[in-house]
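First comes the structure, then the notes that go with it.
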């Protein structure tokens, strides 16, 4: 698989394949120098929890004109769509913000990231539900699973939320937390029996099934920017499990330096935006004290938005 | 959510939505009676292993002209593609077989199945890699996981294959199998601590992470026929883990009565077909004893195909 | 392809496939009668423009318990996800509205529609950009394209918008409209040369390339409800071309009677919702007269939302 | 959007985002020099037909260790899947060939290409059916379509095939070809009326609909290697329209230098492979003169394969 890099000198370098025209090499415009948006690194890595990590291992574009970020690829693609039409929206930042505000999502698909990640299986199972991504996961059928398990610290053991059936909230009292961690310890201790089963000849694909879901796995995960933002939007949400939110935060930290303009727009128009329902719009218009709904949950959501907007009905 | 079924009498039934034409109701052709391809059942279910199942809970088309199968929807879609061009290929079975042979896959996407399945988490993790499907899984964050674990019988505990790094082969000796099952028993016994953790207030989303991957989960899984065939092709393969192959077999059993013509073609042109590589084609043409490769694995594959084809070079 | 419908009497009907358990037939619950959500129709069709149409030709679920709509399949799928957790959200309508409000989109993927549509090629080219759908299109390579072209009425010939580079607005003066329609007439007249080329033996796949993009094509288009709503959201938008909006309106009219609860929620939480950006939220909170942006477009958008909300800064 | 490239010196460069660990920069292994797989070019372009082109504008990986090709990213991803299991398959070329032979397609999804292409609309309509790709197309709503149309040379005007309903074969007689080209000329002449309509104020989105399908459009098209190979496999097929085959050939020529090991395997195991159906396998095994089918088309296909394999039944 060795091959010299394409020589940069000649305008026509490849042998003419049967029936096709020759390949014409177009160099960057005079004075443009392409630089690595990852600064020459092989990987940029953020540790998560005890044994996890998210590492950015590649990006498209990997090379950008010096002085620009990977945001440039979004602008490049948008300009082909809108052709001369974008002359008016001449500033790049304005264009990216316009695209984000108006759900023109396809130019954001023109940027791609590849991550190498390690996470517990219960996190991996939430993550994999994002279907528009490419994945290669470590296989417990081919290979021995390493002896690595997620165990939260005592203060991170959360109490079952009463208001939110799917979530946890606040730390639990220390005794209960410690008994929970003992239980995790007992589940991790099964690793010894996993090992022994394999020594006795049991197929790896079976031996692993007694190991707990806190076991770490790892994968390469490749995703375009639009779908990465979808992942962040859903997995940074207050309803997502705390552990996967930690992974989402790491992912954000890694990509923000590469596409800073996009991430700023994403913050302004998505993450920190507020969506008002038809009922809420009507309540604001009419000055009514509440929305026209008997659903207590929906009413509570409106109260919370109303407060966030500083719209007090009393005054 | 109650609503009377659309009345069948009037040719125009819906109020004209603003700016649209009225809805015109076209009845089936004279003499055609639509019947339920699932025979009036709410679900058709096949048990798998100790606590698992695959159940067909819906199909598109659900109603087919009496005397026809759901294969009819494939023909219907193909005929719009090929228009008058399909008059010559006038027989339906011939058309379906032609489509399958020539990789015209889109008409097979016009049939859809919905399954309700229960399977161990390690099986679910392989299954979910098929991305072109719709899934709703039971959530261990919202709800308590029931006390159900997969445990193979002694004779189903497989030995690690030597030739196939990812697989198991044949039963292991009884002593080792029993020690493996004891280990599974120990992992299942953690269920009691899972319960206790919840009683002490630990969030369900955390409490579950000490439970083993043999724990059963369940989901609705909806997939078109083309992608269901892809699933079957990959998960019935000899390299797939035995447990998921059992699920694939159940799925096949459920859909075969609904699309018998397609499944026959799938068997003839995919499952029981043999693909010859360029090297193998050349070996057959030239009558050479082996293929032109130094790769021992590739050579062994050729030997195996050669024998399957009854092409003995020596004689 | 003839096969008797599955007999409804016996609990076990299929021959046991090798290695699988028998198929168990589960009838609907006592007293539940399944009825066709399409009211026995083969298709429900809405005419669009001069030669176009959208026809609903199948739905999943096609059969629903009498007195219910296809919305029931969303609830069924959601309840498997949320298990016992949904006991509290006991009312179906409330559950569907909750799912829509909180972007729990997967249960909406459990409903599927199949449409037969005819539309001009320039509309088809916008439509096909929705990738999560199954499509079988009429082929101009296999078959002769029928002599059908889209031609708007004089009053529907739109003037280029000045504010919106991609759109049209209001009718143009009659003379210009008539000259435009003459031009379309000239493009349609090429059909005669298309026919003659074929008579002289030119391949259909070439002969068609001189026909204009106003030529009608047709296809089967199958899509789940979640992605159908995405289609509606984008194609009913004021920035979408008027012609495809007419198709979207027809699609809405066809599905609303089948999933009325979903469509009401979609209207309340998506179509008639207003999204406030971070800048707009801050302007409301602070009572500032405008948003903190120098972008004139963004400022104008805020003005328009402010008016819609009845939030006048001056008063 | 200006930003200095990430400085390469410090191991920790980014400010610590709230709640996340610092970013750790991992440099390439000692002695490894990363080089641009596109040899420093901004684009590598192949002309197609009169006004078309396919240009490779980016690749992931864009940087590879000196002496290696982009194939390296496939091996990297596969090794995470198979972990220690791949030690035995130690040679990279062997591993890639093994993956291709055994349909382990996910590692090939870890390579991504971005193309800029110009093609006639009738070609674009075939191309866009490949759904697993990202696309930004030039918009005739925003911008004026340039005056460029596809017109084959006289000798490229094909006769309708008699054996293949969807295809053309061999050149047609010159007179018919010339009359066909006259017809195309007439369709192109409408461009003047397109221009005039716009001058008179007709919206661009309408003015364009009278232009023929031979009009050129252009787009950015981004696709992973696995799906690019699917595109090539289907669009280089003898049943694909000649014009899109020319584009596929250009695409092949562009990517082959970047992933030469993959393309060799693709040729050996896919493009130049022969698939034998169950019926054909049985015919070979039994030495029967023909296959057990009454379908004349299927019998003819077998005859053609039999000849290709040099298996003459007579002798």
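Letters A, B, C and D name the chains as they come in the text, with residue numbers starting at 1 for each one.
Note that contacts are C-beta pairs under 8 Å (C-beta built on N, C-alpha and C of every residue); 3 or more make two chains touch, one makes a residue touch a chain.
Just so it is clear, the model here is predicted, and its values are computed rather than measured.
Residue numbering shows that chain A and chain C use the same positions for more than half of their mutual interface.
Looking at B-C and C-D, the interface holding more C-beta pairs in contact is that of B-C.
Between the Cα centres of chain C and chain D there is a gap of 29 Å.
The set of chain C residues that touch two or more partner chains comprises 82, 85, 135, 139, 142, 165-166. The touching residues of chain A, when paired with chain D in their complex, are 1-8, 13-14, 17-29, 32, 34-48, 55, 58-63, 66-69, 71-73, 75-78, 80-86, 92-93, 96, 106-107, 109-110, 112, 114, 116, 134-139, 142-144, 218-220, 222, 224, 246, 249-250, 252-254, 256-257, 260-261. Every residue of chain C that touches chain A in the complex is listed here, in rising order: 82, 85, 88, 94, 97-98, 101-103, 165-166, 234, 239, 267-269, 272-279, 281, 284-287, 295, 297-298, 301, 308-311.
Chain C meets chain D in the complex at residues 120-122, 124-125, 128-129, 131-132, 135, 139, 141-142, 150, 152, 157-161, 165-169, 172-173, 176-177, 179-180, 183-184, 186-187, 190, 193-194, 196-198, 200-215, 241.
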